[in-house]
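Single-structure report; data block below.
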Amino acid sequence: MIGLEIHAQITALNSKLFCSCRGNYRDLGPNTNICEICCGLPGSLPVINQRAIEYSTMTSLALGCKVPDKIMFYRKNYFYPDLPKNFQITQYNVYGFSSIGVDGIYELDDAKQIRISRIQLEEDPGRIAYSEGGMNVRNSALIDYNRAGVALIEIVTEPDFTGPKEVRQFLNKLSLTLEHIGVCDTLLEGSVRCDVNVSMEGGNKVEIKNINSFREVEKAINYEITRQSSLYSRNLKIEHETRHWDDRKKITFKSRSKEEEHDYRYFPEPDIPIIVLGNDFASNLKKRMPELPNQRFERFVSKYKLSEHTSNILINDKKLADFFESTLKVYFSPTEIANFLVTDFKSLIEDDSESTDYLKNLKVKPEHIAELVKLIEGNKISRITAKDILVKIFESGMLPSEVMNNTNSYKISDEKTLMDAVQSVFDKEKSAVEDAKTNSEAINFLLGKVMKFTNGRADPKIAMRIINNKLHNPDK
Amino acid sequence: MSNLHDLLASEVVGGINEGLFTAEEYVSSILKRIEDVESKLHSFITLDSEGALSAAKIIDRKIREKEDTGELAGVTVGIKDNISTKNIRTTCASKILEDYVPSYDATVIKHLKKNGAIILGKLNLDEFGMGSTTEYSRYQPTRNPWNLDYVPGGSSGGSGAAVAARECTVSLGSDTGGSIRCPASFCSVVGLKPTYGRVSRYGLISYANSLEQIGPICRSVRDLVMMVNIISGKDERDNTSIPSSPISLKNKLGKLNVAIIKELITGSDREVTRTIYSASEKFKEIGCTCDEISIKNLHYALPSYYTLASAEASSNLARYDNIRYGFDLPVEDYKWDTYFSKVRENFGEEVKRRILIGSYVLSSGYYSKYYLKARRLRSLLRLELLTLFKKYDLLIGPTMPILPFKFGEKIDDPIKMYLVDINTVIANLAGIPAISLPVGFSNGLPIGLQIMAAPFEEQKLIDASYDLENSINIQRKTNAI
Amino acid sequence: MISKEELEYLAQISKINLNENESRKFPKQLDKTIEYIDILEELASDDSVILDLQEMKIEELRDDVVRMSDGKQISKNLTEDGFLRGPKMK
């Protein structure tokens, strides 16, 4: 039984959750993105960011959760050097008040449902680095508060996963969903963290912390399952404990430090009143919010009449899907464009998909693809030629028409030109012509020769017709 | 003319604007006064004479150049040392913040400066606001100007004493369970705890954030009104602040319905009761009705207050780990958790006790036994009072159940000390405004009348206080020290 | 009754060292305070709703605008690079 606790930063925000410092702290010098509030200076007070509530509500809706019409914040009290106030402002489900989302359902591809226990809005702590210098010179820790106070959404699932593959699928879908809402760019360094609970049947629950990317989650779970199975098979006890994932050694180890005090002494945050969302807040937001992956899928199938298979490929790659729809704006031919994108186009750019700038820096633009597909459909070029042109556009950024003018690659559909081509071939391949009168394979051979003669530009249908005519009417 | 330092705030502003004296002359007079009496009183933790004189000179220049100087031009204000003042050391009377210099001004300080007030220095208090006598200050206690062997009240003891002794024109204190009203009563000056949310808490170093407010301590109701209007206002930096209307100084007190809270009388010393009853007679004389009423849940008020205040304090004071600010203690040779505990050893006894009690009542086994019950009592009390306020305009009683007492009398028994607050915590729990007005003396020791009103009905408090002040005329009879 | 262990536990989670004098005095003093607040037990048990709460509407909340401060909030213990030097972790 596996459960997840995911922390995703709301990277869409400009400022932090409780103050006006920048939400994106990356690439800033240490302790330059701070103010009296996020440093916990005496007398400072938290001032909550309105858009943070909107984004966390959208996340709750996307995960099928109930959104209350009033929310409250709580203090989670514990000491740690990266926690400026030595408490974290977070949410808590107790005594009639719920967090921003509860009791949701998220469906995986095989219709398996994962229950979402709760979603809450809370603040990120700062970061602790360690001193430079060798192992012996570590007599102090280095602290940077640039990240302290950044808005986090915590997503907690029930232990409904039965294996690492399901978890992987869930995390992929979740990333996609978060990307569609725009709330979190999961490719940004440190923007998502995942803790995992793993327990074998009837055994104790082991919590694994410090997994810093979705990719590492599967590895951590596999390691832990192996570890627990091994203990189990030797009749050894699996302790109820917290373990840390070491992503260099790829192992989990027992947490030695006792910084996780178990009694957090939660109580309502006195500096933030109850926030009244109102009955219509969630439903209005639902109407306005960006399209979710499954909604987009439905639209691709019903509106554009794409196959489910093609739609799936597009949906799972949001930037490609966006590219697709941009292309449609230039030239509306959904099936052709989609097919072209998911085959020839996609194979060309496969390697770059992990980068945040994926597709952004490509020389190939929607206009290029639109023109290319238009040419294919207008029978001006063949599919094969189109693929070659694409490669050239990829390198140079030239429009298809420019490329073609340079390489003279228009499809020949002009009858006279083709008849001349066929005649030339017939003159050369006299024995094949004889064969072709009775053997259809020889006809294909002749067609092949015509294609070669015209550098692949002949329109095969017309060429075939001319060949057949000529065979049966040798004198014309 | 009498000594400049004896002038009320309204007289100071008038005098400076009319050219009777300069702001610099006035401030010099105040500073001289401080020199004369401070060694006996110990009201100040930090005195910023240079800053005060510079500010005075600026005011004088503006007057010469006919520029706008603001409603509080030249008024010297002492600030309780738990309110952040930019570039002026702010200690909360604690060793933990011994070297702490804030990088920002509290909102109330900004308001004061904008209106021409002069920030004189930081006034003594019980450490972090926890106490009723300033005996818990880590510096030394402040003395009551009326009798130096007696406590000035607390926790804003420095604020009360300094105003009574005319070491500053007016002062700001903070009130979590009576910390403005107690010293106002014990020092025979006027002190107001505003409705919760009227005054921004941004910059007030939190002790119990759901209970406390910053408020003025002055020698006259007129001065008090000037101050309240300047420091009030919704602040975008404080999500709990609420917009309010300014208060005016009317001359006529209407025929209000007044009620005396029976329980507060029966729990009080005889001299206190006698004085309070004679003050209540004044209300009747002008045609107000004065009933005696009972508050059902009153005996739970103080236990609830201590539960909630300690709980919030234990969390609010967690940030003091000396990492980002505080005092000098090198970090080498300590592991982080032992460093934290070593640093926090420097809290005083009372602060430690409250933090421990706070952690206790919030811990998972006891949360519903104490904390939740206290929250619930708070709601019930507030509802009860709001219902009473539908019938009555004002609730009155003695501010303190006893006369000021000598140093050391209650310090060995925390509970004895807590019981001193029994009359004042009600207003904090319910979030309603409450004023303490000097109404008499017994054996040379001051007695204060507490008046409470419904949320945001400070106008009624002021109407009643102004009228009483005129008829009782305490201020002009005697001067402390 | 607050035991020695309970007191030590509370001091541990509050990160406060008690000196000898305090360790001696506090159990009794804290006991008295707890006894004093025990009276709250008489109140009816109703965990469900806390009534006295202030509310604000979502429209009143802060806009998501960046406003950088001068960053001078921390002045002590900074390294050359700008990190804050704290006590070691282990």
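Lettered A, B and C in written order, each chain numbered from 1.
Just so it is clear, a residue touches a chain if its C-beta (ideal position, glycine included) is under 8 Å from a C-beta of that chain, and two chains touch if they have at least 3 such contacts.
These numbers were taken from a predicted model, which means no experiment stands behind them.
Chain-to-chain contact here is organised exhaustively, every possible pair of chains being in touch.
For the pairs A-C and A-B, the count of C-beta pairs in contact is higher at A-C. Relative to the centroid of all protein Cα atoms, the closest per-chain Cα centroid is that of C. Averaged C-alpha coordinates put the centre of chain B at 23 Å from the centre of chain C. Averaged Cα coordinates give chain A a centre that lies 40 Å from the centre of chain C.
Averaging Cα coordinates per chain places chain A and chain B 57 Å apart. Among the residues of chain A, those touching two or more other chains are numbered 36, 39, 41, 47-48, 79, 81, 95, 139-141, 143, 263, 265, 273.
Chain contacts: chain C has residues 13, 15, 47, 50, 54, 56, 62, 73-74, 84-90 touching two or more partner chains. Counting only residues that touch two or more partner chains, chain B has 103, 236, 239-240, 314, 318, 321, 323-325, 331-332, 336-337, 340, 359, 363, 372. Every residue of chain C that touches chain A in the complex is listed here, in rising order: 13, 15, 47-50, 53-59, 61-69, 71, 73-74, 78-79, 81-90. For chain A in complex with chain C, the residues that touch the partner chain are 13-15, 20-23, 29-36, 39, 41, 47-53, 70, 72, 79, 81, 95-96, 128-130, 138-145, 256-257, 261, 263, 265, 268, 273-278, 281. Touching chain A in their complex are the following residues of chain B: 83-84, 90, 92, 97, 100, 102-104, 106, 201-206, 208-210, 236-240, 311-312, 314-315, 318-319, 321, 323-325, 331-333, 336-337, 340, 359, 362-364, 367, 371-372. Against chain B, the residues of chain A that register as touching in their complex are 36, 39-48, 75, 77, 79-81, 84-87, 95, 139-141, 143, 259, 263, 265-267, 270-273.
By the touch criterion given at the top, residues 103, 197, 236, 239-240, 299-300, 303-304, 306-307, 314, 318, 321, 323-325, 331-332, 334-342, 344-345, 347, 349, 352-353, 355-357, 359-361, 363, 368-370, 372-380, 382-383, 413-415, 418, 431 of chain B touch chain C in their complex.
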